[in-house]
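Chain naming follows the written order as A, B and C, and within any one chain the residues start at number 1.
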Amino acid sequence: MTAQGFLLLLELVGVFAFALDGALVAMRSTHLDLFGVVTLGIVTAVGGGIARDVLLGELPPATFRTWYYLATATAGALAAFWGQRLLVRVYRPILVFDTIGLSLFSVTGAQLAVDAGAGAGQAILLGGLTGVGGGTLRDVLVRKVPSILTGGLYAVPALLGACVAVAGPLLGVESGVAAFAGGVVCAGLRTGGVLRGWQAPRAPRPAPGELDG
Amino acid sequence: MTAQGFLLLLELVGVFAFALDGALVAMRSTHLDLFGVVTLGIVTAVGGGIARDVLLGELPPATFRTWYYLATATAGALAAFWGQRLLVRVYRPILVFDTIGLSLFSVTGAQLAVDAGAGAGQAILLGGLTGVGGGTLRDVLVRKVPSILTGGLYAVPALLGACVAVAGPLLGVESGVAAFAGGVVCAGLRTGGVLRGWQAPRAPRPAPGELDG
Amino acid sequence: MTAQGFLLLLELVGVFAFALDGALVAMRSTHLDLFGVVTLGIVTAVGGGIARDVLLGELPPATFRTWYYLATATAGALAAFWGQRLLVRVYRPILVFDTIGLSLFSVTGAQLAVDAGAGAGQAILLGGLTGVGGGTLRDVLVRKVPSILTGGLYAVPALLGACVAVAGPLLGVESGVAAFAGGVVCAGLRTGGVLRGWQAPRAPRPAPGELDG
């Protein structure tokens, strides 16, 4: 399998995981019909990659150039819709699938940005955006406060994972190895953040009326 | 009138209908001033087409290349603002104008995507996005749950209408006829969905805590 | 200093002001951690400019081409996070920083659009979008009704300021002078709108059920 084929495979696994996750969150948040669940699964799975491609000027986005992404996302959302009872047996399914998607998308998004000619800093940001973009869009549509803003680490693991995936090849590490290491860093930090309650420092709440505007 | 001129005319009728619809929904949802109503009318009317053009890489979007679209959208929103009392006499005005805009935008959006070189599958998706995009953006801004997620069929009629408009010419049907047929399919399904309460299968609600994440 | 260097400087001052403003609003709206505050500060500061560059087809957006913007936005958000107690001594800090950002972005956004080849009407709209886009995106993420929709003038000062900045050079006025005049117009109208309660005409509220849809 070529390096590019492997990157595509990783992306599709990420798409499937995020579509499952998006559909599960959607079913928890609002009482939706089949099409609503599929729509939110697809939005979660392809939203981040589309945002990355728009900002890179790589248009039409990869998601629209082949049928792989949309078919995989639809399959993931339908699996969640019909397999909900089975998925419950997975340990905390939303956390598991979300972490898989976040890790895969952050590192593949960053490497795709490098391939498209972006500088290292931009590639890291675009990798992070690929990871968190779809879920943020879904949260806005179901009127949840987006995960990037709430407790537990979410954007930081994505950015650090992307950083490892981008820095590796610059330091002579083979890009597949760097991607794997980046994914492990992201998944580890994210899981640790949720399970152990790692928190970033919080803003002191202003007294009422203190910051009128 | 050339085929292209006819497509533009249909688009402008859709813009007017969506601006009316957007402004009426806006006035119902929050107590807005004149500029808020016009802003939401314009967002509803041009949001879907802008999203389509961004994803096609046709930049700047058609909406910004001529003054027709914005002038028509502003006129539609002002008509809603000042003509509210008269519009009430129309039978369920929001449903009527929304259905007109949805049908026209889905078929014209799909045909514009084909003209811009998109494949059939992509054109159908982009047609559907043209139809539902502006209203979804408006709903996010006024903090309503978007129509694409709630009961009654919304995205499905748009996608099926776009499908007819794209498939027709591939099967040798004249494109104006295919567009008309697509519009009728979309409007019929949408109206039936609302009036007869056609529903897609619903997701079983998970028991509390079942899908913790 | 060249005209272009001066434009960049103005933009960075606007970025800093908007990041401060965005972070302050974020800390008032929800109880966020450090990363949430920085994320919202950056979104507020660079969201409008990114939307402008996407619509102009100037990709990747200026924000991603150099590190200046993101570094300045991060500095502004951190200043708000740690300097909250000091900022309270400023008179109505959110209003002050928001007005500075709005005025600077509307005029620089409009002039950048002209430089990128946009017509006068488009440049005015894109200037307004540069001014209001980031704050609107932040409001959607923290689930506030966006300022462009609520009482007091917000989008109108931005559009009028952009109008002055675009019209000036067409009438032979030096572009720096036109930008300054546009900024004063925008800041004056915005401040007057808030302090004196200037209001646009409001939509009459429809009777319940009158516009069913």
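Miscellaneous remarks
The working rule: a residue touches a chain if its C-beta (ideal position, glycine included) is under 8 Å from a C-beta of that chain, and two chains touch if they have at least 3 such contacts.
This is a predicted model, so every value here is computed, not measured.
Think of each touching pair as a link: the shortest run of links from chain A to chain C has 1 of them.
Matching CA atoms, the turn from chain A to chain B amounts to 120°, rounded to the nearest 5.
Two copies of one sequence, chain B and chain C, touch each other mainly through non-matching residues, since under half of the numbers at the interface are common to both.
Rounded to whole angstrom units, the spacing between the C-alpha centres of chain B and chain C is 29.
In chain B, 54, 57, 140, 143 are the positions where the chain touches two or more neighbouring chains simultaneously.
Across the interface of their complex, chain A is touched by residues 54-57, 118, 121-122, 125-126, 136, 140, 143, 145-146, 148-151, 153, 155-156, 199-206, 210-213 of chain B.
Those residues of chain C that touch chain A in the complex are listed here as 21, 24-28, 30-37, 39-40, 50, 54, 57, 59-61, 64-65, 67, 70, 81, 84, 87-88, 92-95, 98, 140-143.
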